[in-house]
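Listed below are the structures to be examined.
Consider the two complexes below, in which subunit A is the common component and subunit B and subunit C are the respective partners.
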Partner chain A sequence: MLTNNDLITVPQTVVLIITTILEIGLLSLPRDVAIYANSDGWIVVIIGGVLTFVGSLVLSTLVRRFPNDTFIEYSQKVIGKVPAFFLGIVLIIYFTLASCIVIRTFAEVINAFMLQKTPREFIIITQMLLTVYLIRHGIEPTARIAEILFPILIIPIFAMYLIAIPKADFTELLPFLNTPVKAMAMGSLNTMFSFFGIEILLMLGPYMRSPERIYWTMFVSVAVSTMIYVFVVIVVFATIGVQNTKLLIWPGMTIIRTIMAPGKVFERLDALALALWTIASFTTANSFFLTGALTFTHLTRAREFKFFITILFPWIYLFASIPPNVLVTEKLVYMVKIGSITVGILIPLIILVLSIILKKRSGAA
Partner chain B sequence: MTNIFSKLNYTKKKELYFERDMSPDKSKKLKKSIKENIDGVHSYLYDCDDIITRDFYMGQTPKHQMSLMFIDGMVDKDTLQNDILKPLMIFTRQFPLEYSVGENFFNMVKEGLLTAGDLKESDNFGEVILGILSGDTVLFLDKVEKALVISTRGWEKRGVQEPSTEAVIRGPRDGFTETYRTNVALVRRRLKDPNLKVKTIKLGRHTRTDVGIMFIQGVAKPSIVDEVLKRLNTVDTSSVLESGYIEQMIEGDWLSPFPQLRRTERPDVVAASLVEGNVAIICDNTPFALLAPATLLSLFQSPEDYYERWYIVSMIRILRFMAAFFAFTFPALYIAMTTFHPGMLPTDLALSIAAAREGVPFSAVLEALIMVSSLEVLREAGVRLPGPIGQTIGIVGGLVVGEAAVRAGIVSPIMVIVVAVNAISSFAIPNYSVAIGFRLLTFILIALASVAGLYGIMLGLLGLTIHLVTLKSFGAHFLSPFVSFRWSESKDTIIRGPIPSMEIRPGYTRPEDLDRINDRRHDTIDKAGDESADE
Partner chain C sequence: MNRYKKLWICLLLSMVAMVGCWDMTEIDRRLFVGSVGIDTSDEINKYTFHFSLPIAREIIGGEGGGGGGGGKAVATVSTVGNSIVDGARNLALRLNRDLFFEHMRVIVIGEDVARGDLKKVINPLIRLTEFNRRSRIAICEGEARKVMEVNPWTEKLKAEYLETVLASTGLSGKFAELDLGDFLRNLHSQKGDALVSKMAANKTQVSIGGAAVIKDFRLVGWLDEEETQGANFFLGKITGGDIVVEDPQGNGTVTFIILGEKSRLSLKAKEPIPEFSLDVYVAGNIASTTHGIILSLEDAEKLQGIVSKEITAQISKGVKKLKEIYKVDVLKLSDHLYKHEPELWRKYEESWGDVYPNVKIDIKVHTTVKNIGVIR
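The block that comes next holds the complex of A and B.
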């Protein structure tokens, strides 16, 4: 549908998925796992990562079976046009809401930590305009941006958390393995929500240069994200303590506020962290906005997807502005996270099972 | 409807062009009679008093009539006297001419008499007139439908001098001049390679400027060469006075603040780039050659980078990139820090800034805008004024006015430091066009920082990143090799690795022949070491 040379390579896919995953989870994951598993939180993150990878196998297998189709096309082949159409609508709503909560959470964080007096709408609109400016260029430039921004994002984040380590007390990670299995399981499931973002693969299959390496791509993406998450959770736990973590809404950000840069160059690093946070949020919003517009394009069999960016723009702005405060936003975030499991794992699982039973697969597989 | 209209417009424009174009084309053939030919030339070049027509005859009798036409001041008088007039008029007097007037006689003159080095036959007015206008001498012979165009170009010109905008401490001192052939020769002298190709076209309806494309066959990617040729052929303009005209007409994105062709005054830079697979565009009448495709990294390079040792160069390059970053962010960062995030600064520094700003009537944004703008004005004034006065302006403007402004309490001393660092940083960027681009961005970032602090700066930087990532120069990514990164290319980026380690040519030009260095150095060095040890 789009131009054929708009293809992304394996490393580009990996960084696109990682930068999509790394966003909201970085802020709130330590709190979520602390609530479920106390000091075993980091183990829960690892189990969650493994579960996510297992779940992503469904997506990967679908991409292998239908390398030339997006979700819209292969669901039509498997379950027929009308049900597939409704699934497509669900997908559009999901991606729209996902962009909304990413942008809204970003605006909330900026409002809380950096620009207290700036209107939230200003932040939402500017961030969205930036996103639109990028994704109008297509999929490959979006992936290229992810490629460029990934090191700029990851290296300072690591550096900042490393600065916190001298203050850390690693006995906070004890007792070890003292959590009931049920809590562990619940926590792991909850961690999977923090990996939301892998479902963009539903739409990216045909735009990959080498779809045969999808399993490897997914493995690297999920493994790297898990490692970063585990690192963050351990540092947060060790620095501010498990019990304190439970009380904070964005513990990942709070810890950075306590750090002082060595050499007294900066008194506090939070503004710097928020600058990085702008990048993280920007890359995530890009992916969801782009996939949303792509879904729309494939659903209507249009040739040009720029038009749908314009269509989605007011809706994303509207939904992002609706929640009255940060608590409602957090509820919406939770809903979207549950939606991510549904859209990213459950629905593809049904399609996959049906396609195996009905023996449908793409001709060029 | 719009289509039809645009088509109509187009044809109308074309007709207008042909009406105005009074110069003859090649279909207009020369006549037999010498009188008619001279009158023919004069019918085009009337009212041109600098054209000189010299009628004379050859041999002892006025049987062989001929005529020379040239433009005074554009021909080399020595060649004209010694290699054309002297053989034709003096030598032929010493013995009777056996040839009768006609074709044979023409060939005898062409092949046996004229001692000028470069000449060619022509049979039409188009070539003849273009030759005269380019500084060639045209020789008409009676009863022949052909003329000889003898290359006698030679005019008052500047010699090869040290380039003033790209000075180096180590490296060759010769720079391009305003003469096309000299410039091509300067490059050719460095690359004695039969695969070095030069294609010349003429651009500009009035100027007929020689524009040459140089590339090394088998190294330069054919698609880039084709693209450059294609774009050059679309240039339909009345005048090309400098390579800047061409640059702006063939670049892909004219909204970008960054140049998409690299310009240089140095033949060694052109030679090095050609070897890396670039295409050079050399334009007559200007010492500035263009190199395509350009990348951000190549615009940050100085020729010296390859002449000095790699540790030093790597450090200088890192400093240069930091300078470039500060060149457009420093005032904006200062504004964001002081007005939006004072908590980020160490307490002592925040206090001293506050103390310095005590009594300053303007906001930090206005202060910054005043200072940055006045600095730009100073810089512009310094460029226009002759050398010694320009320096005086720099000292008076920078030191005296700055000091006075601080004393008067109009600006804070810290702002003077910020703007000075900003200005000095921008001078560390080797390419003037890029430095101007970054200076422009300073103003945009100041505006964004004054609206939304650090978030505004991030918006600006991300927008800039998007622009840079999507920008392409003749099919090559402007940000390569950072996009679609390959490890082997990382040795010549922000750092510059040792030359023996740079085994392949850069990938953005995707040259056909990737090997740059075949490192046999170790064989000889090891042997030498062994021998000296034996002694």
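The block that comes next holds the complex of A and C.
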């Protein structure tokens, strides 16, 4: 069944997952957590990270149990062919919608901050063409690109937000732990949505060189992503204020427009910031698009996965162009993020529990 | 194969010539707005907008020739519109170039507009990204038109002049320094209260001493220079400026230059109403004394006490006006309660407007003399 014999190493898996989690939604994350928990928002992010790691244990355990199968195959072994087929369809729809919201949000940000008059469809299609060009080469090149882009992405993000520190007022993070437990819990669940991207693990199993180190891989990936998230949330809160953050659609981007690099060498960092977010959304779209195509391949037991990239292409483009404005996009994003919990944690959990009860393991069909 | 290679090269090279962009505007089709003035107009819900536009060819021409600089370097155009965007679009009927706001340096709001509702005016400045969030904001006495008509002699460009005047925090603490981003932040985190730079203008100069007091998005009054300096001391924003006090021996004045300051607010008592204490740490140099005085160690120490007293007086003056006359909490006392005593704040959240004017603040200033120059 493996059409592409390329395997990815542990560091490649880690960066692939981190770059998938780290997407343009980070720009709006400070607003989400501010609305739920005010100044305790950064704690909510940490709790959300921990919850995500706990949730990812389900996926990891499945990978450990069925190291040679993807979700499609082991769900067939556990719950039978017909129900598994429908789950496969759900998965394909989810991955299609996930790549489409990433690309769409990216186009939305570019439209708002840089190219006001450029048609959104054009931004979407150029981004998609680049993605298609890359993922046609398979999973190993995609992981390698993630490996190359990772430092190019992370170091400037830290450097860029650090510039805001002289303007920051860290008393904005007070009062500490002043939020009702219920709001904290809701906020943490909501933050889990921001970690959507770990679902690609459903399809990654057989492509990993050492699936036995999956727990460690997931721990590093989620921990690094949480650190980046917390850092950005704290800097945004301290620099533009918690109340102000609630009003902005993309506080993570607006902050760039209020800060000035020291020495006035680079007065504006907008272009740098947008370049970074281009990379971030590109890597995320790659993973989702590729995983979608892989799901299709495994579901139909086809030899060639490139064919399915072509099949998914128009659908992603269509769904990405449908929302008329950012308010509708936000709604779609929210729906997909709820879907990410369903697809990434709930369904795998059921499969895992059933497989334990029925004592199904890899090889024992 | 070779033929394909050539084709590819041709295709790739054609990209260089064919790159197009929807957002392309040639730089000579743009007018860079330097400063914006906003006034009220006779029509309801409409404002008069003044845009100051640098004229590129005049700036270049003036620098080269000795007697060449005939024309003005800056033009000012005015228009009436419902919002700043509407105003700029109306100008499209009269100007052949696009107005471009990315390099906007200063926004001057007229007194009448500020006394009305500021929310209506500032909304597009937050909503649209084309407005430069690093531009500075000021409220002027009377009409903004007066500021827009100033013809500065120090700089060619009015916007450059206005911006750098407003940036001189290192030289004086007698005005409120604020850029648009900070202004929006203050407005939102303090429920519409803020201190904004005040501006007054004559033909060739503006004066920025003092501050405008905004309460619930409306201008309620002004602070004079000393009160502004007092409020700045309170907030820990002073990075320069001077204090003039009487000589310890009583026959002249001493000028004390401020190097820097730190302030620390803390809650002293919770009952019956909150009581605060403020510690201000000021460091500075002695720049001038009455001639012939020889400074001894005791004199310097005495001087520290006198300077502290003067600063305390200024702070009290500013605090009194803000607290008792304007009843505006730009001193961030409620903010302090919310951040450090959230339990207590919940009790006062509703009634803070009534409690605030009666809150007691105990002010202590600690001054250190760092340098005395090269004579004793």
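Everything below uses one rule, namely that the second predicted complex is superposed on the first by the 357 of 365 C-alpha atoms of A that agree within 3 Å, B and C clash if a C-alpha of one lies under 4 Å from a C-alpha of the other, contacts with A are read in each partner's own complex, and residues count from 1 in each chain.
Everything that follows uses one rule, which is that contacts are C-beta pairs under 8 Å (C-beta built on N, C-alpha and C of every residue); 3 or more make two chains touch, one makes a residue touch a chain.
Everything numeric here is computed off the predicted structure, so don't read it as measured data.
In the superposition on chain A, contact of A:Gly241 is made with subunit C only, not with subunit B. When the shared chain is aligned, subunit B comes close enough to touch A:Ile110, but subunit C does not. By the touch criterion defined above, A:Phe282 lies against subunit B but remains apart from subunit C after alignment on the C-alpha atoms of chain A.
In the superposition on chain A, A:Leu130 makes contact with subunit B only, while subunit C stays out of contact range. In the superposed model, A:Ile148 makes contact with subunit B only, not with subunit C. In the superposition on chain A, A:Thr118 makes contact with both subunit B and subunit C.
With both structures placed on the common chain, the touch criterion links A:Ala271 to subunit B but leaves subunit C unconnected. Comparing subunit B with subunit C, the partner in contact with more residues of subunit A is B.
Contact with neither subunit B nor subunit C is seen for A:Ala159 once the two complexes are overlaid on the shared chain. After overlaying the two complexes on the shared chain, residue contacts for A:Leu174 are found with subunit C alone; subunit B is out of touch. According to the touch criterion, the shared surface of subunit A, contacted by subunit B in one complex and subunit C in the other, consists of residues 114-115, 118, 122. Partner subunit A is touched in their complex by these residues of subunit C: 21-23, 126, 129-130, 132-134, 179, 181-182, 184-185, 188-189, 338-340, 342. Residues 340-341, 343-347, 350, 452-455, 457-459, 462-463, 465-466, 469-470, 479, 482-485 of subunit B are the ones that touch subunit A when the two sit in their complex.
Subunit A makes touch with subunit C in their complex at residues 39, 112-119, 122, 171-172, 174-175, 178, 240-244, 247, 254, 257-258, 260.
Within the complex formed with subunit B, the residues of subunit A that make contact are 9, 11, 110, 114-115, 118, 122-123, 126-127, 130, 133-134, 137, 141, 144-145, 147-149, 264-272, 274-275, 278-279, 282.
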